[in-house]
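Note that chain A is present in both complexes that follow, paired respectively with chain B and with chain C.
Here is the complex of A and B:
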């Protein structure tokens, strides 16, 4: 099990299209992936869950991956957050 | 899946959120202050009283007359408007504050509002809203529906078909509470209530269809704001081996603990040819029967034993 804090850096935050991209990514991993914000814990493979977080720019999200490909999943997720979900800013 | 979890500490109470529940309110000043949840109902609010300060103070006719008589300097020194102890001042019966009161509240970041409700009604309303806001909460991944007046939470790994079965159940006349992310809190210490986050209310995500609006598609009667959680049905993608090794006489039932309350959880295997909506309806009917003391499996075994002439053991 790996745990890491990932900040939301893009301007629009974790909006619907970003969430859709994230789910597409996480669904490809076998490991269970969870996102936690404050006391809200959601499944990163569920778009509705991610949307419920309504995480805006600057929010810290705790990511927990657990399973055979946990390291790859964590790397890919942090990279996607860092690169603003492929958005300009 | 973890079956036992610790009860999370409740978050500090957002006073603003609580007061917003009052009807017919006119705001003079809002506040972002919070109150530690360890405050019990008894000492969270009360009538304005300089000898016993409560975070939320209610001002009625007698108190407002007393406040009107106070000079500006007296008001500022009064413990009733201390920026540490006081969080909100609620004027009842449509009473209005004078400029001095408005100013002292502004200076000390104390919420100030008036309502047309009487003091008893204000107390009633605040008291009624408190358990929902103060009780411990958690999130669960799953679809929550009211099936035949029973709150059923359908859980299972991502992609097992939870949302699809929810759509099927709504089509069959049951009500949706929340898709994918359910907020659960403990009510009256003894029961669990699941509700939908306001951002997602009435929406369901179906692979291939995107996000659909159940409220509009099936009408407002197909969506509920909240419901009591009574049964968990865990969907499992079955391999052939698992299906063969199932106990054929008994349901695969165990108890899981959520926020300190035990809830029955039924494991149900998903496999081609198994109509999940019908199975969930049947499971709910069986749950209702069990609750009223009828255990079909046990009844059958007993009656069969009787026919075979086997004495009951124990």
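Here is the complex of A and C:
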């Protein structure tokens, strides 16, 4: 199991567009992936779960990956957050 | 007999039987299941979700290649939600904990989800509760094999009926085109809802925003709906029925009589040529505009492409759509750049951070575009690239300041230079005009006329801004008055400024398509009208019966009238 904190840096936060990109990414990993914000824990493979986090710019999100490809999953997710989900800002 | 009121959309009267289409969840029943059946219920749920995914896929296929972009985005979002493990997990948990049937568990979980979304502070995310509801509906519909779900009915099931429904989704509106429905009544929605757009494009009347009063209507009731007045008469007595039938026939006869004017010239009795153009939103509407013999498109609104979707259309997609629009018409097509903000909020998250208390005076129209070049520049590039496929003109909304124009022209130069370097052909002489809808621009119209190739008066906003009344606010909209002396003076000022600068002035607001104002506008010197193409022939008829030079003689009396009552009286006389 790996844990890491990632900040939401893109301007729009985890909006529908970012959330669908994230879901499409996480669906490709076997590991279970959780996102935690404050006390709320959601499945990163669930688009509605991610949307319900309502994470805006500046929010810190704890990511937990657990499974055979947990390292790859964590790397890919952190990269997607850093790259602002491919948005301009 | 029962009379109900709502917001009328589309002209005309429909008389027919009501058909209430209930959403499946309105009749979900709860029944307990035996513990040993828990697994079976969960399997039923899985199967339901699978069927729903399949039906969504089939729906997508039905559109073939011509899936409107906003529908495609919606289908994709819904299909992601259907694949969401949360729905299955949480509903299954309810089934195994409470020993209840799958439909009830799903409905219960769906309601909870909707509520969670509604409570999200962010208005954009919060609006996703609608999508959640629609996805749950689709699964429920698949599980109960409901006869009343809108989708999947054989072609023609609803022929000749008036459909009554809470609200229509974009997907519903596509499904409903398969039936020859004669009218719509919806509980929710306003004049710009999907229902309204569908009704207008099907040329049938609709009454939207009925709220609780739809509850009085029953399937099979004989209804009269009057789109112009926003009235529904349920189970009318014979007298009302006869009266409305007569009115309906009269409208039909008038429409048929107007048809004979289709090929007639738009010329006044004293030989003045008046240009009649149309306002359109969808590429399809351009064909209708051509059929009505409009002399061009005076306003092609590009917002539609940007709304109801997650991702903004990119340059290529826009080029494709503008090309389609331009190729449908041999006449000039005026492409208006994005006019978002205020009442037209864009999706894709952009609306979320704009929480101004006064959006009509906020970041909208050209202001928003110049503020967000990531949004605007691809549109400019797309318009220029598409300009070679027809007779394009470009028009920018909401200008209030010359610096905005200077900025715009610098941007245009930049775009042209880039396109030339990238070897894209474009019309370098593309005309650039502006909408005059802010009082500042109307008062200083001479300044703007010198910088632009044409002006177009947007009366809806001009009136709202000048009289400081919000048209959608029920408590003040009685003050909305297109012949308020201030409005007449502003219009005259713009028309005169155009004449002085040698720049054509058109009008594309609702006033231009309202037969009550055609003559006063002619008297003010307006020569180009742009309107909903459905009303074009009626305006043409008025023009052909008007003597412009005579009308002009009565103008001084009009402009000097001070009493609103007297002005109205004069308008009646003018129209006689």
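Just so we're on the same page, the second predicted complex is superposed on the first by the 89 of 89 C-alpha atoms of A that agree within 3 Å, B and C clash if a C-alpha of one lies under 4 Å from a C-alpha of the other, contacts with A are read in each partner's own complex, and residues count from 1 in each chain.
Here is the rule we go by: a residue touches a chain if its C-beta (ideal position, glycine included) is under 8 Å from a C-beta of that chain, and two chains touch if they have at least 3 such contacts.
Just so you know, these numbers come straight off a predicted model, no measurement behind them.
Within the superposed three-chain model, A:56 lies in touch with chain C and out of touch with chain B [touch as defined at top]. By the touch criterion defined above, A:4 lies against neither chain B nor chain C after alignment on the C-alpha atoms of chain A. When the two structures are aligned on the shared chain, A:46 is found in touch with chain B and with chain C.
With both structures placed on the common chain, the touch criterion links A:17 to chain C but leaves chain B unconnected. Between chain B and chain C, C touches the greater number of residues of chain A. Of the two partner chains, chain B is the only one touched by A:38; chain C is not. Shared interface residues of chain A (contacting chain B in one complex, chain C in the other): 27, 43, 45-49, 51-52, 54. Residues 76-77, 80-81, 83-87, 113, 116-117, 120-122, 124-125, 128, 132, 310-311, 348-350, 352-353, 374 of chain C touch chain A in their complex.
Put simply, chain B touches chain A in their complex at residues 8, 11, 137-139, 141, 158-159, 179-181, 197, 199-200, 203-205, 211.
Here chain A touches chain C in the complex through residues 11-13, 15-17, 20, 23-24, 27, 43, 45-49, 51-52, 54, 56, 88, going by the rule given at the top. For chain A in complex with chain B, the residues that touch the partner chain are 27, 38-43, 45-49, 51-52, 54.
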